[in-house]
Amino acid sequence: MTLQHYLVISAILFTLGIFAVLTRRNAISILMGIELILNSCNLNFAAFSRFMTPEDISGQIIAIFGIVLAAAEAAVFLAIILAIYREFGSIRPDEVDTLKG
Amino acid sequence: MQPLSNIDSLLHFSPEILLVIFATAVIILDLIVKNRESVAVAHLALVGCLCTLAAVLFIHFSFGKGEPVSLFLGMIQLDVFSTFFKVLLLLATAATILFSLRSEELDAKLKGEYYALLLVITLGMFLMASATNLLMIFIALETVSLTSYILAGFLTHNPRSSEAAFKYITYGAVASGTMLFGLSLLFGMAGTGDLTQIGGRLAELLASGEVSSLTLLIAITFVLAGIGYKIASVPFHMWSPDVYEGAPIPITAFLSVASKSAGFALFIRFFYTGFGSTGLMEAVDWPFMLAIVSALTMTVGNLAALPQQNVKRLLAYSSIAHGGYLLMGGVLLTSEGIGAILFYLVVYLFMNLGAFYVVVLVANEMGSETINGYRGLSSRAPLVAVAMMTFLFSLTGIPPFAGFFGKWILFTAVLEQGYYWLALVGLLNSVVSLYYYARIVKAMFLEDTSEETDRVSFSTGTFALLSVFVIPTVFIGFLNIFYTFSNISVSVIPMQ
Amino acid sequence: MLLSLMIFIPLLGMIVVLLLPRESEELVKRVTLLFTLIPLALAVYLFITYDRSTAGTQFFHGPVPWIDAFNIQYHIGVDGLSVTLLLLTALLGPICVIASWRNIEKGIKAYMALFLLLETGMLGFFAALDLFLFYVFFELTLLPMYFLIGIWGGPRREYAAIKFFLYTLFGSVLMLVAMIAVYLNSNIVNGVAEGLRTFDIPTLITLAATQGHALADSDFQIWVFLGFFIGFAVKVPIFPFHTWLPDAHVEAPTAISVILAGILLKMGTYGLVRVNMAMFPQGLDHFTNGIGFWGNSLALLGFINIVYGSFCALAQTDFKKLVAYSSIGHMGFVILGLAARNDPGITGAILQMFNHGVISAMLFLLVGVLYDRAHHREINGFGGLGTRMPIYTGITTLAFMASLGLPGLSGFVGEALSLLGAYDKFKFLTILSTIGIVVGAAYFLWTLQRVFLGTLNPKYEALSEINGREILTLVPLAILTVLLGVWPNLAIDMFRESVTNLINVLHAI
Amino acid sequence: MVVPLISFILLCPLAAFAVFGILGLANKRFPRQDYLSTAAMLIALACSFLLLREVVPSPEAHTVDWLSLGNVTFSMGFYLDSVTVIMLIVVTLVSSLVHIFSMGYMHDDPRYPRFFAYLSLFSFSMLFLVVSDNLLGIYIGWELVGLCSYLLIGFWFEKDSAANACKKAFLTTRVGDVGMFIGMMMLFTKFQTLSLYGEDGIFTLAASQLTTGDMVWLSIAGVLIFCGAIGKSAQMPLHTWLPDAMEGPTPVSALIHAATMVAAGVYLTARMFPILTETSSLVIAYVGGITALVAATIAIVRFDIKRVLAYSTISQLGYMMLAIGAGSYVAGLFHLTTHAFFKALLFLGSGSVIHAFHAMHAHAHDDEKHDHEHADDEEYILGSEIPPDQDMRNMGGLRHKMPITFITMLIATLSISGVPFIFSGFWSKDKILAGVLGRAMEWNSIHHYILFVIALLAAGITAFYMFRLIFMTFFGEPRNQEMHEMAHESPLSMTVPLIVLALLSFPAVNTLWFNKDYVKPPQQSHLHAPTHAQLAPDTKTGGTGVALSLFGVSEAVAAEEDAGQGTQDVHGDDGHHGSAHTAHTIAMVLSIIVAGLGIFLSWLFYHRRALSAESVATTFRPVYNLFWHKYYFDEFYDGVLVALTVWKARLFARFDGSVVDGIVNGVGLVTRDILAAFVGFFDNRVVDGLVNRVAKITWAIGGRIRRIQTGAIQTYLFVVLVGIVLLILIFRVL
């Protein structure tokens, strides 16, 4: 397992995340896409930290912070989805488009 | 300079700490106070701002007169630049709190959280203005983002507000995710999170060919995605009109001024410290990229603003356009350019907040956010109308208002670097902008409402606050102090 | 000091007016009149005490440091040209106040306040010796004008107001670019920067004439010239930037039309003389040396203005629009004269500036008088008024004759001199321009016939004769018209030296 | 002494006008404006006589700086030589007489005071024109008299016809004036001055500086300046305004459109005499000659008494132009003075006739007349419709009713027809003919022979139609009994001026012109070889004149001889002296013959009725039509006009169909409706349209950008993606 493998995987994850965010017709799926993106980043940090600067663990610290923030974000996101559901009776992102122009 | 250890840093960090303390205090007070109508909470938050301001200034003048100090092992840096933005941000926050006091759309039950979040978001922006480490940058960014999502969606039982929050967070999450990916690449290439070292490292690696300029380009573009989303620059601007329209007006005002300023602070520090080295710029000509982005941004913002009917939305687009103007200063790599940005931000703070304040007042009195709601305002509330006129023409950049002087030094800086096309685009844009600003003025002054409506009376406090914005909007340009202040503040930004 | 007093007294007046209670309209008017009369008195004093024997600027105030960051200074002073136009401005001030005495129904207070602000802007513009100050005053006239047209104007006032605003702003941003370019180059000698940059007009003029200075580079001058030129061309207005003028004039209330035609148009030409000609002689040379297309371009524009404006005027059936287009035609003579770059040409142009200010003011006042009575301006809707209102007819005839350049009245001198000067350089264009003289006579006489001669239109049996207040506004102008017609030296003495000086600058290159 | 006198002469009428103006502005009336103005004129007249002594020995200019630039100075000033003085006297004299005449003629006009004010203003302007010593001054006076004629023709501006006529007059003359102004510009650019006299005046400079190379532009300049004269003196092709100008009150026609203003053109040409080149002189001569002939032929067939006089005026002016063009400076000016008197007399006489009829007319068909005046002005202005009180076909046998008018007008007619020896008209006309023939013989140029013939013909025709007028008006049976009954002799205020003018039609009072030392023609420095020669006829006949005016014909020849000797030593080559001598004799004889012939014919036609004008008219129908339709000048213009009017109706409905006629209004129509409307259209649609288009486009783009903002969050994110990709791609490509 060299660095490249990790990078490729993270790249794939990132792309999948973006793809999900763009195409899913359900807010939850979008949230999952976002999580994919964030995790690909974390993976990057960890991998770089492991291979580039073995003696310095700052990369891994960043990854941990990333996970924390991702969690926080997920919480807020879910709360907002609830609100959306309350107001719109649906969580299809394309139905939430009263603000436009 | 040698980074201070965590313990030594705490004193220098006192403003931020104060903010945290006050945030918690606000929540506690809110729990204590039973009376829903009491404004004690807001006033406490206001006091918090003032104390923080005092602390900021105290630290600035007591410790080394703003000599750069690196805190927490190089996580954040305390210098004139950050101090400048801290003052700016505190002013914005205080103003927002005052707006919120007068705004009638906010839910009385949630005051405590509201003001607490305002203080927290300020904290996040402080960090944005002073962070010098990738990790800190990311944390700061996320702090600001998360709180602002909540604030945007703060109006429960208001679908528009919820929708704004939804779009905001979706967009924001993706953008910050993208940025984080870019950061990870940078970290990987440079092998360090310290912004001050990244630049040098990357330059060396480029020279030695260990890093391909493509990777660097991708990384920079991804970072730009995150920052561009904060300062709402094309093509990362599309969230802002919807969010600004849906969010509570005070929050809209706050976002349009404070988070834009913080975004610029971050942008300047990041790009000038991180990517400022000449070798790097030969590999990736990001200034030129930004020049194009800024031209697009102001053009799109102005043109899209033309047909708007909702004043909040119109101002949203106008603030996009102003983001474009400001970005011009960022592509010049000269201290004049940065100084121009800072000066313009000061001016922009007053005129834009003022404009939004009038929007709040009108929304309260006439219950309308559309241009038609402003018809005949000159006869119903002349002073307010005149104030709004001042703000709008200042935004257009017409002498003798401060907005003109802001544009003036901005364009001087741009022309000095020979970016004639960019200056021309900017100036023509400001001509276009006159048209939609004037539509509001027209509604207020030129179209007299057929039915002779009675005059609306406002409290003296309202006028006092209004004048707080009007007077600077008229006089800033004529005073030397502001120019010198903004020029000093850029001294710490490294220039190649 | 005296000059600053003169400039800022109207501003003071504005504040005073704003502090007055809105009920006491008469008081507001009186106060405004007072605050416009003081500058007039000062202007007359300037006119008398001005030392006609020197070209240099006089009655300095400043340079007082203002914005150190850009070495912007508060610096004002007058030379012969400015003093003449200052007098014109100060004279039209009270006249317009009197003209607005009755026919402003709503918001008289705001009206007067804006008017005073406008006057400050105009006075300051003509006295400014610092380029930045110059620009600020130039723009300062925009806002009050926008509101004065937009609030108190006619049916299509909103359109007219914003059109005026956008046009002028468009011009002035190009001017701004040019201005900044001048500022940035103001300290570069032989490629190396030395000393402070400056906005000081006299300094800049000398710099632009010194060898090796960045400002003296001919290409630079050509571009900067263009920038400023477009800015002023919109104000003058020069074809094809003129289309705001008819709308603005038609919609604006009488007094404001007077100011528009009398002063604001002159701001354009004044800027051409003060900045474009004095500061960029090489740029000017490129457009007026009579070689090739560009060498004739300025004169060509003048010619187009003359002929085009006259023909447009001929096509109008709206009295006010006709006068508006006639102004375009007359400003053409100014451009032509300036393009000639010689003694008669420039003197003629300046005279024409002043005289047109006086005459067109009369014309618009007269149109206003008729409009207040008949409530329309359709020329063909009148007829035979000569029998009903002889005095009015008499004054109108005088104004028309002056405007169509009848010798013995002031209009002639300026036109004739401009043409005499221009013929020296641009024979063909000048001869073609004389078409304007005939057409000018044609539309004025034709109007005279349709409105005043022939059988009286029964609708206007009961039309009342022009009243004392209106005569009061017209007589001073009429006197000036005749006086300068028979004694042009009275005006020329003021700026003869300045013109000679300017010509030396132009020939120095 | 000179300057104060002249200033005083100028100030009197000006003051008279000023009083009126100031009082008018104060909305008051000065009841006796007429006395004031008349008094002013009489004083001016007295002063002008005083000037007689001042002028000789040497002409001089008195100037002040009027308009001084850095290195150029335009001075205003007086130039006083014999010609000036004579002109002054003529103007003041005729003007005063007209003032007096008007007191009676205009008496019951509602705007009585204003009329006199205008007259004063006119007199001032005319005098200013006469005395000023530089082109600019002349131009100023020139335009001012134009204004006055505009005001006075349009004095009865309620009549649409009058309103049209005055506009037409002003514009037509203006066209000429522009030509003159261009000429002035040419001279100015060459000499950097507009003063004529003095060592740095145009004439001296022209004489000293110019080379044969400059002849071309000098000729052009000369002709251009002459354009002014063409307009003012109603020479072809700008003559059509003068007949219409008869819309004005008759005294005005007498003063402005017969005696003074129209003569200003001749005066100007004479002033320009020194810089006239051969070419420009020839052009002038031809214009004058053709005008003289054409106008005369038109006059034959008019029935409107005032129009006959109008055309005769045009013709006589052509005569003067011809004289100047042919180099007979003195002759031209001499004819100017004599003509001023007898033509003024004729007009005033006709005025008194019209007055006689008009008085009655006012009672009889007032409203009816009123109607027809406004019925169809187009017709009316074309002259085919004649107000009955001016129609000679309604007159006849008036000589018993109004003897004074008859006698005086007869004298004038004899004078204009050139009845030999005792009438001034004969001498002046004879001088001209002699001058032309003389020039022809010296240079034996075919042109001048042609011109001479033309002049002769014109002289004959003049005699014919003038007597036609007399016969139709005063002799024979009254054609319109009813009108005839009402007719009566005019009041004293009107007859006195007639008598005075009649006296002035005798040569004795014009002796100044016969004194060859008094009026000296200036040198023409720009003619080829025989330059000096052309002076001969003048001086010669000048000499003769003195003799003849005092004694009979018999001595004339003798006097001529020594006059010849006199001139011989001046420029001593016999050849031309001989030619001049013969020229003069021939000219005199021929002129007498043609005059007699003309009178005789008209006697046959209109008194004896041995021949019937109708029959002749029918036999020579085409010719008659040509004359009747004034060579189809107006018809031609109207033809163009009709076409345009049709267009107009279709294209520019918004223009009212106001009555338009004559070339000026024709051109006016073209420019006004076609060109101007096009330009106006262009301005609205194209220039303004462009601006609005830009605005629209900008707005449209705004709309597009809006549409991208669909409201669906995923679209936004997609845009982000695309944006990032594009940015990266761009920078890889770059």
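A few comments on the model shown:
By letter and in written order, the chains are A, B, C and D; residue numbering begins at 1 in each of them.
Definition applied: contacts are C-beta pairs under 8 Å (C-beta built on N, C-alpha and C of every residue); 3 or more make two chains touch, one makes a residue touch a chain.
Computed from a predicted structure; not experimentally measured.
The set of chains in contact with chain C as well as chain D comprises B. Central chain (C-alpha centroid nearest the global protein C-alpha centroid): C. By number of C-beta pairs in contact, B-C leads over the other of A-D and B-C. One finds 65 Å separating the Cα centroids of chain A and chain C. Each chain gets a centre from the mean of its Cα atoms; for chain A and chain D, those two points are 98 Å apart.
Measuring from the averaged C-alpha position of chain B to that of chain C gives a distance of 43 Å. One simple way to say how far apart two chains are is to compare their mean CA positions; for chain B and chain D this gives 80 Å. Shown for chain A are the residues in touch with two or more other chains, namely 18, 21, 93, 96-101.
Shared interface positions of chain D, i.e. residues touching 2 or more other chains, are given as 706, 709, 711, 713, 717. Within chain B, contacts with two or more other chains are made by residues 166-167, 170, 174, 178, 241-242, 307, 435.
The set of touching chain pairs reads A-B, A-D, B-C, B-D, C-D, using the touch definition from the header. Chain contact summary for the complex, chain B toward chain A: residues 134-135, 138-139, 142, 146, 149-150, 153, 156-160, 162-167, 169-170, 173-174, 177-178, 180-181, 183-185, 187-188, 191-193, 241-242, 245-246, 307-308, 313. Chain contact summary for the complex, chain D toward chain A: residues 706, 709-714, 717-718, 721.
The part of chain C that touches chain B in the complex is made up of residues 66-70, 106, 135-136, 139-140, 142-143, 146-147, 150-151, 157-158, 161-162, 165-166, 169-170, 173-174, 176-177, 180-181, 183-184. On the chain D side of its complex with chain C, the touching residues are 21, 24-25, 27, 65-72, 136, 139-140, 142-144, 147, 150-151, 154, 157-158, 160, 162-164, 166-167, 170-171, 174-175, 178, 181-182, 184-186, 188-189, 374, 654-656, 658, 668, 671-672, 675-677, 679-681, 683, 687-688, 690-691. Residues 167, 239-240, 242-243, 308, 311-317, 343-344, 347, 380, 384, 386-387, 390-391, 394-395, 397, 401, 406-408, 412-413, 416-417, 419-420, 423-424, 430-431, 434-435, 437-439, 441-443, 445-446, 448-450, 452-456, 465, 471, 475, 488-489, 492, 496-497, 499-500, 503 of chain C are the ones that touch chain D when the two sit in their complex.
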